[in-house]
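Take a look at the structures below.
What follows is a pair of complexes built around subunit A, which joins subunit B in one and subunit C in the other.
Showing the complex of A and B:
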């Protein structure tokens, strides 16, 4: 076959590309002279923290820049043509035939008003690649390859009638219909649960290999990229830090920065022995309005000054448990005992003092801080509200809190949009600390952040716990985070507690079936992990 | 790359800080980019306000001053002539700006106070409060507002206060709808939940958490509402139940001088007389709309598409 010869030839060659973005009345560099080569049939992993320019570079590989951005230098050569010089019309001919793009959120990328099949073949049809019948047949074949259930019929469904994982696979099938030379995957599994992610990764990998399609795989999850990529390119601040074969980069990264990326999953908290209980949840049930029960007979104990991690996939009732504890969703049954006293079920019945003692930090700092309030207002409000701090003391206290979270007074007048993701989450932590609480509920506080930033936040939380003796309930679906921070672990599945105990007991066999599945689905930093888990 | 920059530090994370600009500087930048229509709109609106504020100094004669000759033609003494009682048309046009716009502005403010207050209350509390308020608003909106206002004014009498109150209540239903809809999108945000968990009062949640985030659509709506209120007052005055004589008002001026239009064949300027107050209404409406359009364009984010 000619594929082996073909696979060695260079498909795309990006030389010294520079891209600028427009904001604040001026052009700012986003990509500063990056080279990128990709051969036929090769999978290149593009990693880096958010703001590194991964997505911008990924789109640039198709000759595309987002609105408000422009190319300022360099060349992108594909089949002897420089994409930066082509007209919009010429590029449109290439898009959807030679190039395809798989976006992060399949749910947002599909049109809810059309069936999956029609959307799958839409772009190939508009480029007149083949007849409608052939395209349909081909799509069904791809659905089968993507291991979608009922490949003949699933195409007649609408996007809301299939699960998130299925939708992401359909989107990959859609990208494959035109038999492109290059597919760009932009964080295709980030929005999925670990248990779903495994299947999607496996199907993407096999279909790319089967069709000898080249791919750029963009992600911030190192363990994932290690499974998928032949070669890895590390970006930071719009520049290439390092490019190397996956194995080589894993074994001996050259740059300090790459090493630090690899070292992230190294925090391990030593579990400490139990003391007295600060929060005791006794067999609570809960449901939204009069719908089905979403929490069934939950019992959880939180020891004073310790961390209890609640793990489980989405829909398992983790966040609902948090809402019940805070009183936003009063439980229909059972009691919540806090510091030896039964808490009123409803938020409106709790005293200011009750509210002060339990604080909450949310997953997305973007939506949990008012975009129109400055850092001073955000951190200062609980100080004023609970402790009556005003005047000079107010600013002093705010700065004191900023220092506690390793920021300084230069941040005091910023708005949330002027902070990075990690800084935002730190401000949310400071807001919780300002109330001087005894218990903080952290709902997926690190899952929207880059690895290296996650590490910083986790270290901060651990330090604060040591200094202030705060107890945490840490809700997460990320097992690495649990290992880093928890003393005790609660595994939840479909609204019930599967298992609860000390971290070392939960993470060592024997496991109940569900815990086993959950633990085995967590990607590891071993290129053979996915292959191994699939053969098991 | 130096060793130090490889060390992780929360302070050094990439974030897009903006250049610190005062509201004044930001407005200057926006103004320098404003399109021609926006400038035209701003000039129109500000000159109307200028006329309204300085009416006593600008008007050649008093608002209700009566001269000997009714229906005087356009000349040097009475630039736009006089009406059927012998009052100077130009003076009345100038005072009319003050009366019509003053009442329209007060009414719009009141409508927003009622509409935004209740709309946000509805959005936050939901449940039966929302149901009762929303259904009541539905009932009010089901009746054509001009006819409803006519009816209410004939019941309670056409005083300026009644006029303001009745139109404000009728118009607040539209504002209520908008405030409730945009407020609903903000209420579900986690920062509102965080404020609730903190134990904040409903007034704080309304005023400090939600209101700043829904201001742009409300300001735009304010401009449009002002036009509608203004037109409604003019229509009511034209029908004779709005602003009562001798107070000058453009709507009633159109009615009073309306019959002159039939003399167009003999004296074009006389026929123009009723057109003047009508044009005053029309031009202001267009001017306000130009400004509102530009403001919506600035705040909607649509502009990114065209860069």
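Showing the complex of A and C:
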């Protein structure tokens, strides 16, 4: 398959493709006349923010449109055929044989009712590519190449029985089974922890190279795409902004938008030391029901008017710590001292004043607001509840809060669905501010947002801290966010605190082993980063 | 122990507990029925003396809680007591000449008839509604889907006695394919029994298929937006395979529940259909006994109904547990 002659030829040629999606009883353009070429054995990186049309374009490369979408123009030529003109039956012959797809969330993309092996070979089996015996053998070989543990037996397991990183590698193995010409990787590592991501990236890269498979690698993470792609295509609002070889695009991006993507993370808060603490957590343990302990002997200090960032991977106990502080999950041991006074462990035993002083902002603004409440109700409720504000003063106060989060009064009667992701998160911030708290716990508040929007939210939070002297506990898995906002850093791993200290101390060696692993796993914009980290 | 076994034991335990509460409800509500069997039977000619003796003889003179415990303990041993209505005032003074039958012997043939009709309906209705539901999901929003949905809704919107009479008009009166009277007896041979029961079974099929078919369709369609369904399509699986192999195995839990619900209805709720076709089932027996204030029979019927209901729901629970790989194959 991998002759050098073949690897030069054009595999897929998308010309001027347009796709529309149906919503709110009208067709809206998603992709507006995009060209995309890919050669045999080439990896093309497709980047852009959410809503740029990356996934839609990636799927279109297979001739697939999601329900409620349609092709409205252009052509997709593959082996002399135009995929937009083929029937569903004809396309089914190509899917799973010539084209494969690797989805973002492997946990959701595997059918819970069938074993991994059955799902791995299912497609090739039903297309009669090979005998069942050979396919099984081949699957085990691929599992081994993907460095899965027990490659002979892991196929007999069900999706819920293996970890997220293993599932993602199994899905890549599944995509390779039919020896496809083109694989679409749709954000394959976005749902993974950074330390898991490194291995998955490495195995994907080596297997694609080994088999000379062409790939479209979709991601919003520039540092990741730089490791994987030969060429990069930047999309925005369904249009191509720029296409160039990876090195060239890194060195000299042509377009302003590309430059702005490259330049994010310009904020770097200067850490400030402060002696007096607003919150002191003393050796708390916690567990859900009678399950295993999820927090073990946690000690954390939050200095007044400063930001403490809690970093760690999923399952490290970050959010559980927040739940314990707020009283949602009373700790089984230890105490929480707030402003020099021990807080009752249970939410129900805390006074209204205790509740007012600690507020929380959540990861997903979509689910943390009642979709039937207007901005006025959402921000106004804590005003009424904690401060008894009513009448004209109520509206005045809501407008004042809106100004504080840099939105004008025209937003006051909107529903959450009429707001963008960043605006929604701003409303959530205003809701927390309405209580006039002393401490705000921010739980992954920027994780669901695009980079540029994230920057705006972080700047806002920093400004509010300066003006109102609020203390923050900032829970995140993203090291770049920590660098941007924190004074102090707490590193958590498997329910314990690995270390706590000033930002500059945590980020400079010597590190405990886990911190070292965590920091080194964060992808860098250097194309040689992945190779370097693997040889270390 | 395998977690499934513990879950199952818990469910069965819960079933027993609910059955116990149901016996309490049955007993108290039956005894709260207005009217009095003794006074009704003895009529105008009653004297205080005969009333007292008759009450004593039926055990009605004892306090409620004693009667409840007696009833419950013998019911657990399979003895549902004797009917009231076999006795009459003439023998009130001479208990030894009692002709009362046991509730069980009265219930047994009726119960067999009811189960027979329910089974016959289920054999037609369950596969039919599964096939209709799956194909409607497969060709959703097509002309076929709309037709199936509309007809199912029409059938379920009409009262069952109406459906029954319409069937009688077309299949028993205008075209005399089937008998309009389904008066089976215990000696009716099997095939004749089937033939006699066709119209009531058809009526019940029409009123139950809609529920089950729509639930099957909805459960499958609900899953079709899952990422793993999209994945299956992107692996080039045909529409039929996507639905049968990828959606259906994950849709069993709600489907099993709705089937159990309808089966229970076929056993406990078919009195109207029984009356129309003069079919000797438990429903009719219970209604008759309520009119006659024959307390032991009413209690017996109610208990059998409750038992069926709880048992069927237990089976549905078990199905949803064993079709869930997360429970079946723990980490």
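Basically, the second predicted complex is superposed on the first by the 533 of 536 C-alpha atoms of A that agree within 3 Å, B and C clash if a C-alpha of one lies under 4 Å from a C-alpha of the other, contacts with A are read in each partner's own complex, and residues count from 1 in each chain.
Assume a contact is a pair of C-beta atoms (placed from the backbone, for glycine too) under 8 Å apart; a residue touches a chain by one contact, two chains touch by 3 or more.
This is a predicted model, so every value here is computed, not measured.
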For this session: Applying the touch criterion given at the start, work out whether A:303 contacts subunit B, subunit C, both or neither, answering first, second, both or neither.
Result: neither
For this session: Quick one: classify A:64 as touching subunit B (first), subunit C (second), both or neither.
Result: second
For this session: Determine, under the contact definition given at the top, whether A:385 touches first (subunit B), second (subunit C), both, or neither.
Result: first
Exercise. Is A:110 in contact with subunit B, with subunit C, with both, or with neither (first, second, both, neither)?
Worked result: second
For this session: See if subunit A has more residues touched by subunit B or by subunit C, and give me that chain.
Result: B
Exercise. Which holds for A:95: it touches subunit B only (first), subunit C only (second), both, or neither?
Worked result: second
Exercise. Can A:420 be said to touch subunit B (first), subunit C (second), both, or neither?
Worked result: first
For this session: Would you sort A:161 into first (subunit B), second (subunit C), both or neither based on which partner it touches?
Result: second
For this session: Once the structures are superposed on A, label A:371 by its partner contacts, choosing first (subunit B), second (subunit C), both or neither.
Result: first
Problem set entry | Doubly contacted subunit A residues - partners subunit C and subunit B | 67
Seminar exercise, completed: Within the complex, subunit C is touched by subunit A residues 59, 62, 64, 66-67, 88-89, 91-97, 99-101, 103, 105, 108-114, 122-123, 126-127, 157-158, 160-161
Exercise. What part of subunit C is in contact with subunit A in the complex they form?
Worked result: 225-228, 230-239, 241, 245-246, 249-250, 323, 325-326, 329, 331
Exercise. Hey, which residues of subunit B end up touching subunit A in the complex?
Worked result: 1, 3, 6, 8-11, 13-19, 29, 189-191, 193-194, 196-200, 208-209, 212-213, 304-305, 307
Exercise. Which residues, counting only subunit A, touch subunit B once they are in their complex?
Worked result: 22-25, 49, 51, 67-68, 237, 256-257, 260, 326-328, 347, 350, 352, 355, 359-360, 362, 364, 367-373, 381-382, 385-386, 405-408, 414, 417-423, 426, 431, 435, 452-453, 455-456, 460
